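Handing you this structure, nothing more for now.
Which chain is which? They are A, B and C, in the order written, and residues in each are numbered from 1.
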Amino acid sequence: MDFSSLNAVAMIVLLIGAATPILLAAIGELVAEKSGVLNLGVEGMMIIGAVTGFITATTTGSPMLGFAGGALGGALVSTLFAFLTQYLHSNQVATGLALTMFGLGLAALMGRNYNGIKPPRTDRLEVPGLSDFPVLGELLFSYDPIIYFSVFLVFAVWWFLNRTRGGLVLRACGENHDAAHSLGYNVQLIRFGAIMFGGACAGLGGAYVSLVRVPQWTEGMTAGVGWIALAIVVFASWKPWRVILGAYMFGGITILQLSLQALGISISGAYLSMTPYIVTIVVLVIMSADRKRASINAPACLGRSFHASH
Amino acid sequence: MKFTKTLAAAAAMGLALSGSAYADADPVKAGFIYVGPIGDLGWTWTHDQGRLAVEAEYGDRVETSYVESVPEGADAERVMSQMARSGVDIIFTTSFGYMDPTINVAAEFPDVAFAHATGYKRAENVATYSARFYEGRYVIGQIAGAMTETNKIGYIASFPIPEVVRGINSAYLAAKSVNPDVEFKVVWVYTWFDPGKEADAANALIEQGVDVIMQHTDSPAAMTIAEEKGVYAFGQASDMSAFGPNAQLTAILDNWGPYYIDRVGAIMDGTWESTDVWDGIGAGMVGIAPFSDKIPADVQALATETIAAIASGELHPFTGPINKQDGTVWLADGEVADDGTLAGLNFYVEGIDGELPN
Amino acid sequence: MLRLEQRQQPSKLMLYLTPVLAVLTTMAVGGLLFVALGIAPGRAIYLLFIDPFVDSYNLSQLFVKASPLILIAMGLSIGFRAGVWNIGAEGQFIMGALAGGAVGLALWGMTGWWILPLMAVAAALGGALWGLIPALLKIRFNASEILVSLMLVYVAENFLAQMVQGVLRAPDGMGFPESRNLGRNEPTALPDVFPALGINAGGVTMLVLLALAFFLLQKHALGFQIKLTGDSPRAARFAGVKPGVIIALCLGVSGAAAGLAGLFELTGAAGKLTIDFPLGYGFTAIIVAFLGRLNPVGILLAGVVLAGTYIGGENAQFMLKLPAAAVTVFQGMMLFFLLGFEILINYRVKRLRRAV
């Protein structure tokens, strides 16, 4: 087999584009989970972001406003989940699933008049001189602003969680909400904020799908990306930097599979498609088996409702 | 006594008469069952365009209804039954997976006509219809073969089923006929609709030097990528030039309107019967969108000629000599593939690289 | 200003009243949505909530849609009671259908009353084994069963796709990726038992299992242990309950139930294995389990109501031209209200005066 025509640089550029919506949604979900909330509504928030972002961008003509609109849409719809789970103590798993259902329906209704429209183009960030540099120029300076922002966001989340007092408090809510409460922190409010941050990130990821990756709006276009984001958080063992690794690896497997086919190499799509999930399970097992390490990463109160006793 | 009886009879007759007069004024009801949302801009959207064409044609004389995103199986059976019970005269079931449900429900409602798209099971009140999309693929294959400069044509394929394999073979034979050096790169994405993955596939193909892309998936994602990367592509199912004003060379159009209008008209005349329609360019079920001015005049002329020849029946895309991929003879010189073989086509023709997944 | 105050005792009244309140609120807010879409709200609500339960044809479809949801939710609820979060029922549903379907296809052409029961055993085993993977990883490695079971859904979906394009593909199916029709083949087709409500042999099995679950949870010592594990894991350990056993039991049982549901769907409603065979029942059932408050009777009711809105939603689409998406929004809203109003069972709303 002749692999020489597989251009590694081009493939990396492609996989980063494919991975960015997953990355954005996953880093948001990570923050929510770190605060102790399991939100299975990522897919619903993403599709809402995809449609609100698309509507904003096409009406204003500005892709940047579109991304903001997507993030806002995702954050707004996530408040439904936040209110129900934090103040009405509804079960997070069930509420998250309901959110996905609601979001898919609402997005389809909202987008009914936006079929067949091309959104304004999101330009790549050209760095004079550097973008034209061979290999490195393409590898580092050939992306749109959102891709840089997504990496920055991962850094910011890492910094916030590990280097700031606010991050410490947020993690405390996820580790032991009773203790955080007795220290005087408003667990519900903190979680509310974390859920909205997750919603904004998911919405931004959705907008990236409808404005950059496949610039168009069609019903159900996120096609399960939100669920993959959930897997990536686990794969990353709740560590921000590993979310990048996970998202890019997942994107990489998809791109590699398609590129190998384009090269003329037959591979079984179905078996290859399951590998990321199996790898995620293996990582989860390895990580969980070491109880000491697991206790540092996996939030102990994940998915558990907090009732402040009066 | 006698008088009242007569009166009653007359009244009953009058009622019956007015009843039948009423029936004449009663619009014909046509129901449509869709597998996806009408906003998919692909398969379901084209069928809904057909439904709208029926409404436009007959106005008040017809009443149409539809249900979107109906899963194939028990749900489909239920929706069909409900439609039949509500007094619908003809039901179009527009996905292959509705085949068995259609047959089952049709048996329970012998007075309702059913038409099932792309299947192969018929009954007294179940017709089938499908389009010879491979004819359209032959036309675009020729254009692709003439337009490619790298001699590499990319093909985004959904599932390895006869319909898709037929399209690949037809397009390849056509491309080869105008460009002996042409090479096909087929990528199977195992989905009908996943814009993200379709976009990835287009990107991966372009990366491999492909400069013309064909697709057999539903979304316009590949077209948008082609536009962005400056390569050519063909619209699938509908005109996608809005997504690729520079990229789209032409498009294969799924044009169900004429068939739907004809069948609903047959219900009105009372002449409907179960038929197996497999129409192509000739009958207008498969259309070719206007050519892009990027296509040179001689290629346009050739394509126009091909369209005419296919429409008249003079040219059949699968005319021998054609060998199978392994080199064995499929069609002898001058031999034309019969519909039965085409319906179950499960091999590549000679010259296509790569293995057909089983 | 309003505030919530915890009740001393869960309110019995609210337990029964909240679902009614939630449905009424859904009707009101949903009605507004329909008005906004230009659709007669009264007619739409009638079609969604009343017609499915009064029209004889709709009734004959009710349990076709409700049975799989109820059966899966029943299994899941046992685990949820114990704090074992299996959210991968969709995967177990697929693996059950694959295992049972494979047996049926392997025995194609043979006849005998034993074929269908054998398929059911295979399906239950298939689903249970798929459910036991997260159980084992939880017990042995402390890996979260929520996440492992979810990941296994995608593995199962891809496996199904591979199977129907490969070994399980119908030899006479013109190359389409689908199996033979097990629902149209005498020895493998699920017989109807009470067609007026859409109850077939699978529906009967579901009802029997539901009664068993009720007995288990209310009367049996094991049910007590399960509930104790969920309420207070520490107390359970003191009481001699082995957490590993409970985890394996819960995931095994819920997996088996989902697997059975998969087979019943295959041999009853769907007939064939195709790539699109899974319809998300495994996920919807999680919602059904919670709407039913993890109680067998509640689950039965929740499953029936949700199934009704699916059936009514289809009718509203072609009778009123209500978009499919509006039905989904409506269902999502109903779930939100049902989940939200539950708070009133354990809390009361109090008006807070500033002077206090």
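Assume a contact is a pair of C-beta atoms (placed from the backbone, for glycine too) under 8 Å apart; a residue touches a chain by one contact, two chains touch by 3 or more.
For clarity, every value in this text was computed on a predicted model and none was experimentally measured.
Peer 1: Is the chain-to-chain touch network here best called a line, a ring, a star, complete, or other?
Peer 2: Drawn as a graph, the chains make a fully connected set, so complete.
Peer 1: By the contact definition above, name the pair with the higher C-beta contact count: B-C or A-C.
Peer 2: More contacting C-beta pairs are found at A-C.
Peer 1: Which integer distance in Å separates the CA centroid of chain B from that of chain C?
Peer 2: Those two chain centres are 36 Å apart.
Peer 1: For chain A versus chain C, what separation do you get between their C-alpha means, in angstrom?
Peer 2: 28
Peer 1: Of all residues in chain B, which are in touch with two or more distinct other chains?
Peer 2: If we look for residues of chain B contacting two or more partner chains, we find 37, 190, 357.
Peer 1: Hunt down the residues of chain C that sit against at least two other chains at once, touch-wise.
Peer 2: 161, 165, 323-325
Peer 1: Scan chain A for residues touching two or more other chains and write them down.
Peer 2: Correct list: 108, 112, 219, 268, 270, 273.
Peer 1: Within their complex, state which residues of chain B touch chain A.
Peer 2: Residue list for chain B touching chain A: 37, 39-41, 45, 154, 185-191, 193-201, 203-205, 207-210, 219-221, 224-225, 242-243, 353-355, 357.
Peer 1: If we count contacts the way the header does, which residues on chain C are in touch with chain B in the complex?
Peer 2: The contact residues of chain C facing chain B are 57, 61, 64-65, 161, 165-166, 174-178, 181, 184, 265, 268-272, 274-277, 279, 310-311, 314-315, 317-319, 321, 323-325.
Peer 1: Give every residue of chain C touching chain A within the complex, in rising order.
Peer 2: Where chain C meets chain A, its residues are 4-6, 37, 85, 87, 137, 140-144, 146-148, 150-152, 154-155, 158-159, 161-162, 165, 283-284, 286-287, 289-291, 323-333, 335-336, 339-340, 342-343, 346.
Peer 1: Which residues of chain A touch chain B in their complex?
Peer 2: Spelled out, the residues of chain A in touch with chain B are 5, 7, 10-11, 14, 17-18, 21, 108, 111-112, 115-118, 209, 213-216, 218-225, 254-255, 258-259, 261-266, 268-270, 273.
Peer 1: Can you name the residues of chain B that touch chain C in the complex?
Peer 2: Spelled out, the residues of chain B in touch with chain C are 31, 37, 65-75, 77-79, 81-83, 85-86, 96-97, 100, 120, 159-162, 165, 190, 343-346, 357-358.
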